[in-house]
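Here's the structure we're looking at; comments come further down.
Labels run A, B, C, D, E and F following the written order; every chain starts at residue 1.
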Amino acid sequence: MKKIITFGEVMMRLSTPNHARFEQSGNFNATFGGGEANVSISLSHFGLRTLHVTRFPDNPIGYAATDFLRSNKVDVGSIQYGGDRMGLYFLETGSSVRPSKIIYDRKNSSFDHIQPGTIDWETILEDASWFHWTGITPAISKGAADCCKEAIDIAHKKGITVSGDLNYRKNLWQYGKTPKEVMPELISKCDVLVASPWDAETIMGIKSNYPELEENEVKIYQEIIKQFPQVKKIISTHRITVSSNHNLLSGQLFNGNSIIKSKQYEINPIVDRIGGGDAFVAGYIYGDLILKNDQNAIEFAVASSVLKHTIEGDANISKVDEVESLINGNNGKLKR
Amino acid sequence: MKKIITFGEVMMRLSTPNHARFEQSGNFNATFGGGEANVSISLSHFGLRTLHVTRFPDNPIGYAATDFLRSNKVDVGSIQYGGDRMGLYFLETGSSVRPSKIIYDRKNSSFDHIQPGTIDWETILEDASWFHWTGITPAISKGAADCCKEAIDIAHKKGITVSGDLNYRKNLWQYGKTPKEVMPELISKCDVLVASPWDAETIMGIKSNYPELEENEVKIYQEIIKQFPQVKKIISTHRITVSSNHNLLSGQLFNGNSIIKSKQYEINPIVDRIGGGDAFVAGYIYGDLILKNDQNAIEFAVASSVLKHTIEGDANISKVDEVESLINGNNGKLKR
Amino acid sequence: MKKIITFGEVMMRLSTPNHARFEQSGNFNATFGGGEANVSISLSHFGLRTLHVTRFPDNPIGYAATDFLRSNKVDVGSIQYGGDRMGLYFLETGSSVRPSKIIYDRKNSSFDHIQPGTIDWETILEDASWFHWTGITPAISKGAADCCKEAIDIAHKKGITVSGDLNYRKNLWQYGKTPKEVMPELISKCDVLVASPWDAETIMGIKSNYPELEENEVKIYQEIIKQFPQVKKIISTHRITVSSNHNLLSGQLFNGNSIIKSKQYEINPIVDRIGGGDAFVAGYIYGDLILKNDQNAIEFAVASSVLKHTIEGDANISKVDEVESLINGNNGKLKR
Amino acid sequence: MKKIITFGEVMMRLSTPNHARFEQSGNFNATFGGGEANVSISLSHFGLRTLHVTRFPDNPIGYAATDFLRSNKVDVGSIQYGGDRMGLYFLETGSSVRPSKIIYDRKNSSFDHIQPGTIDWETILEDASWFHWTGITPAISKGAADCCKEAIDIAHKKGITVSGDLNYRKNLWQYGKTPKEVMPELISKCDVLVASPWDAETIMGIKSNYPELEENEVKIYQEIIKQFPQVKKIISTHRITVSSNHNLLSGQLFNGNSIIKSKQYEINPIVDRIGGGDAFVAGYIYGDLILKNDQNAIEFAVASSVLKHTIEGDANISKVDEVESLINGNNGKLKR
Amino acid sequence: MKKIITFGEVMMRLSTPNHARFEQSGNFNATFGGGEANVSISLSHFGLRTLHVTRFPDNPIGYAATDFLRSNKVDVGSIQYGGDRMGLYFLETGSSVRPSKIIYDRKNSSFDHIQPGTIDWETILEDASWFHWTGITPAISKGAADCCKEAIDIAHKKGITVSGDLNYRKNLWQYGKTPKEVMPELISKCDVLVASPWDAETIMGIKSNYPELEENEVKIYQEIIKQFPQVKKIISTHRITVSSNHNLLSGQLFNGNSIIKSKQYEINPIVDRIGGGDAFVAGYIYGDLILKNDQNAIEFAVASSVLKHTIEGDANISKVDEVESLINGNNGKLKR
Amino acid sequence: MKKIITFGEVMMRLSTPNHARFEQSGNFNATFGGGEANVSISLSHFGLRTLHVTRFPDNPIGYAATDFLRSNKVDVGSIQYGGDRMGLYFLETGSSVRPSKIIYDRKNSSFDHIQPGTIDWETILEDASWFHWTGITPAISKGAADCCKEAIDIAHKKGITVSGDLNYRKNLWQYGKTPKEVMPELISKCDVLVASPWDAETIMGIKSNYPELEENEVKIYQEIIKQFPQVKKIISTHRITVSSNHNLLSGQLFNGNSIIKSKQYEINPIVDRIGGGDAFVAGYIYGDLILKNDQNAIEFAVASSVLKHTIEGDANISKVDEVESLINGNNGKLKR
């Protein structure tokens, strides 16, 4: 089977152990993660071939990040080395009514300074069946946005499925461009969008009252597809935050006509909420490629996301049989 | 008071800390456990005298296991040393919808190669009031099954109460015998059985439709006692798995006529689910010997099991006053 | 703004990690706490100036305790050094139905032997707007009770608001005096009491049937204010213990006429329950000084206490914006 | 073989991990130790039967201490329970030029308040071949000194070998008696003394110039034996402190006529220096009982002490074959 | 460049942290290692392409071992999955005069039951420049020995350099064959031997007096080459064990005529001695392939081994520039 | 006594535990350090009043850094908050022949963007007796260099002693200026320089052959004082690196006429080498202010530095009595 290609920044994540607050912690757990790489890692654990394109500093921290991807079975052969530093973020893990907190320190990272024309997309995408990007990448820097556009254009030209997770983060987008200037062109060549009705308004300027009503939701999605006719599927998760460690999660898929909803799962306690959306996307890609059925795909996507919440680290490392077991109703019975 | 004697394998348990998955863990917590030894440990913490018979390798790992039993007040004077290795198992602790996983590595352990005729049961059982075994032991090897039979025969001859926890594990029983060939003879000299209706079918070939209906349950238990007239009590737990860390637990006792049920407890979160059944048995033995009342005994048994779920490790190390406090409704109020 | 002054013992706390029982633990987490110092620490984190008066041994353990207060922004300039030892307590953290346990080892501590006449209360209270004490201090020793009385008298004379948390602990009070002999005189100069109806009976001898009925509660509070006319506000928390790690918490304030109740919060799981009451008091003091409105103050107090339950250690280190966010309904949503 | 009996306080030891200073440490490693119990533990690991007499608080900390002794194969059947608290000490582990530091917190411990007449020495010593005490015990309190005298008198009367480690600690001896008032009577019934020439002056008032010269050493030892004719052997270690983690260690024995010296060992790095003297005594007792030759006994004693320095915790847990391997020149070669 | 192929068992290694003894340790550090895989890992870190052939159980422990190799850049594409269990060994890390101890538990491992004819050596060795095996493999089982022979024969036939590390372990060789029956045929097709004069006697039956004299050493090596004319180079390390953590290490190479010696290095402290010999072999292979000069190769080999001793885990993960820096005399100066 | 003022960046330091390599570490120890703040921290522990001026991000990481300084008794009242991020560095701790490695990630830190005119030096220096800076600050950015110049000018004008540690780091100085353009003006108002002969050449352009010969050293120092007549004392350490964990350290002071040398100390093992130079400077400042004698001051300085090497973290937290004990020859003897 051909590879799934992902592109985006990977950061070192430094999280306080045992729910400690930043001021209390004399040490940090360290791992690596990034929205797009998380998708590749999860898909590798589902048994698919993946390759992640990114840029790391040419120092032991960059090599450690590479080793992390490699140990998760992601092809690291197209990683670029250079620049000053690994982007990183600090994570304080909340509990109960106390929310988790993230402090980003990603400016001037190696990836931030990535330049178009330096990645051999033609070769990379030759052996690919899917290309996935997120709205974080064009929000980082002009260079990152340009590289993302290169990839989307070539993938589209080659007939590869392109998925984009809009993933709007208002703290990014500080290099002089707004999402509305940059995103529509990228979206226009996408086959699959990960987007909520709110994203439609923020990023695409599609207005709607009461997007939480299903009838309005459908209208918004129809409007998106009208504006971006290449888009065939729009997927999203629906999360109810009972508390920091107790969430309800479901997913849905708009197939151009109607909304297909998944089961809702209760997750309590959450071991690690970061990367839940990426695990959803990975689950959907697996479902679309292998299960070839919208209902099955969205069920696989949301179950994949749910399992991610029980695993420390940014990425889902569940296997296909574990996702299926959850879909089939095994909610935590000991396996001897 | 005379001793309670238990017989069975003790394994090293290597568990991933902090709910890590096997692939994620650079270290393991190490302790020791085994279904029968867990009963002795718990009874020692209830203030009774206990002795455990097993076989360990004659090396520092075997000595460490001995030290573990000794520190838990179990008489280790009848442990046999020899053979190649300590059996062990790996435990990945789940969370929420993710189940815990166990990988056994117990073949060719010192206990696996234990031989009949090498244990001085006459002497060991001289100072005993109770002998407890489980269905795991005859499932390991012919030698283990034979040793178990020796002990049951001599205990029965001496008029000692014999309890057996059927505990069917299909992954064991690989030495050429089936449970139905081996178990009935062992069960025939038991005074107390730990058994669910399902065990009756699997191990004893007693058929029944809808064993979950109480009226059918009674019929099955009556049939058991008909076939094995030495059996006076049949006890079992009833567990509802809401999630990996959230269970509801109750217990019941069949006294030959009717089923006596305990209160149901909610356990959330579960610190460690392993050994919950053994803590139930230990609680019952304490209840039978000391409280001398079926209702009290089954309440003590299930409360003992519930407390075990809040304690790391295979065995319950709660004290009698703690079990009683739980029975009396203290559900976790801070004690200053 | 003038300082809030607190006075009382600070102990080293040695807690078992990961819910281990005392017998299981080969190491302890170490921090420092004490009912009154916890109030100062919390108020410092709310941005107010605080000073804590206590007595530590003149050795590295005493210096480490000083460093702990200093790092939490509490003025340590009036700490006395001398005596033999740091008081300490051991904490076994429960889970689910298993309660946490505390073993105190505070006798003959440096604070236990504190002597009246050795603290320059005139100077310390010169720059103060509030003085807070608890019923633990007069329960420790005659010297401690006398020092507490000195401080209350001088604070009262200077017109500083005095608050007292009755906090009855029957295991203390072993130096030959009873609460009823000592407490009334101290209470008589208090402006704010932290007290439940049960405290009224135990400490002040005010009898009442069914104190849990709101109408009776009001009567008890009215009787307190009748006997102690300096008291203007009586506050308390109301806790429902679902399990060791799952509590419901609300608070109330009696303003001389009626009871004002706060919202009720669900806390699950509790990271650390110790110091919940102190965080409530700190929240109230902040509310009274800054928010100047009884309803707002009691809401701030209980939200402060709720957040404390999510933080390891004796003291709340939440910031004002975090408390306000909780009051405004953010129940744990991730902040990126 | 009959038991070796030891008597003395056992404290909880709280040590900073990884050479952290007291101010730096957010957690402590916890274990238990005491000069006399360390001897019993070590002798148990050499395969001899031992019993330790002490007094613990009747709470989980006391039970944990009991479990610690039990897991080290020491008979705990004669331990007394009562009193307020476990004595404890804090240990900051030095490195290189920075010395380790100990802060004792042992006043008013359960053992401190032990009373004569409460220990059934007649029964305890019935099955004994050796009784060992140290100068720490009579230094703690009058009660402890009196209990020690009881034991020595009865042991002597029964013809049991009595050994005393003078072990002068000037920070103790605060209950109104001086060593010179108490010790001579205890020493007078000892068969074996652990004493350096300096102890002779401090404790027994035997003056000597230049005790470091071997000829003067012999004179001092001869004077001791003249004053205390029951004493047959005087043993001691000789330590050269190159740095906190680098020591040279040898031992010697005076047999009434001459000094027999052991090999000198280099220890670098020292894992844990505490209890080095106790391991020496345990080694000597083993040597005297089993090897029955002064030169062999002193070699075994010092090698036992050297191995202790490589083991975390107060007590030596080396086995006989390990001590012998060191004596035979194996200085650390990997054993596969 | 073509790949280096290695073949052999990989075990899980469970080591006690902080020099704890087996009886003291409540947890183990877990990693993976094996003599031949260690060579591949080290060569990967030197920038060469490597592939390791082995057999793992088809369970998460086997997958974790695979991830470990993959993260170290070793091609895992030819690993076989099957059998019952991962072989493992326990490691107690010594200190100073206390030796480290290893307890093997490798019988009946997946690799133990490997069968000839199941590995596609023709394909694996097609893209290879070097094949390396050790004497551990033919010592494990007949199947392992036969697989090893297959590989050597095909490698030899294809003209690939073959190196064998004789590595005699008397505790292995328990399947009915002796080294003298099995090894000569394997050695006969080797181009490079890792062997000491003592190996010559034990494995090949070549007698010699005083092998430690250089003149006799040369004679033994000449005799080896006479009997096995395919052998062109014989290399070995020379280790002086000052203590468990303090060794002196040098290496030498016999080129058919004379012995070329490396510098001697002092290593103190040793972080981890396991795998020192494998790092030496990896260094030599790098040296032979890249540096193409005997003196340079042996210097690189021993410096590689020395660096291994400073790194936790079985395998050297130093980079070429680090080895070169050590050869050039940088003995530990901080790099900013 | 008046305060000592220091000015410079403080970074978060993330170090691998237990000598792990960057690739091996799943967690990092976290602390804070910076050349100038380290001096203030050490002086605070010597009992002097200190204040550190720096700039931190206005987020919890910045607050944690503030807490760190505060807990070390440094006045944090003049810290500026703003900018994007905390500078940080990663530390891999070497062992034996493997050097420690530092990876800096300090660009675009809050301090990097500090601006002249924003610090109220007049007020800060009003209550000061000493101002200390290092060559790292003017190397970071033009803003930092300008702020440093402001401080030196005002300190000099007020007659405060100014010390500068030249501390050349070639990896810094990337903002367009060279040391020779910036440093001379700053040095010209210094009373005390920390400088080696090599610094003289690199930073001041003072040429010399064979600076390691004492006669040439004197010439260089004389030339420095000729060019910078305000300089009265030049101090430096002399380090011999036996290995990563084994150093020899001494210090010297040029008083305008001759070189005064300290004792040389052996440090083995080194717990943490970072900040050794800063501890030397702090020791010298203490010595100059309190001991008022060049020989005593340089002895105190080097002993302070030696003790730092035995303490984890960037700063010395030894007390005066500990430094004096080392000077008096106590090389690590246990203190009970």
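The rule we apply is simple: a contact is a pair of C-beta atoms (placed from the backbone, for glycine too) under 8 Å apart; a residue touches a chain by one contact, two chains touch by 3 or more.
Remember, predicted model here, so these are calculated numbers, not experimental data.
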Counterpart interface for D-F, drawn from E-F, B-E or B-D and sharing over half of its contact pairs: E-F
Chain separated most widely from chain E, comparing mean CA positions: C
Chain F against chain E, contact positions shared by both copies (same if over half, else different): different
Rotation angle (°) superposing Cα atoms of chain C on chain E, nearest 5: 180
Rounded Å distance, chain A centre to chain F centre (Cα mean): 45
Sequence positions of chain D contacting 2 or more other chains: 21, 23, 26, 67, 101, 269
Residues on chain C engaged by chain A in the complex (per definition of touch): 17, 265-271, 306-307, 309-313, 317-318, 322, 325-326, 330-336
Interface residues, chain F side, partner chain C - complex: 67-68, 70-73
Interfacial residue positions of chain A with respect to chain C in the complex: 18-21, 23-24, 94-102, 104, 169, 171, 241-246, 269, 273
Residue ranges of chain A in contact with chain F within the complex: 14, 17, 21-23, 25-31, 59-61, 63-64, 67, 84-86, 90, 92, 101, 103, 105, 107-108
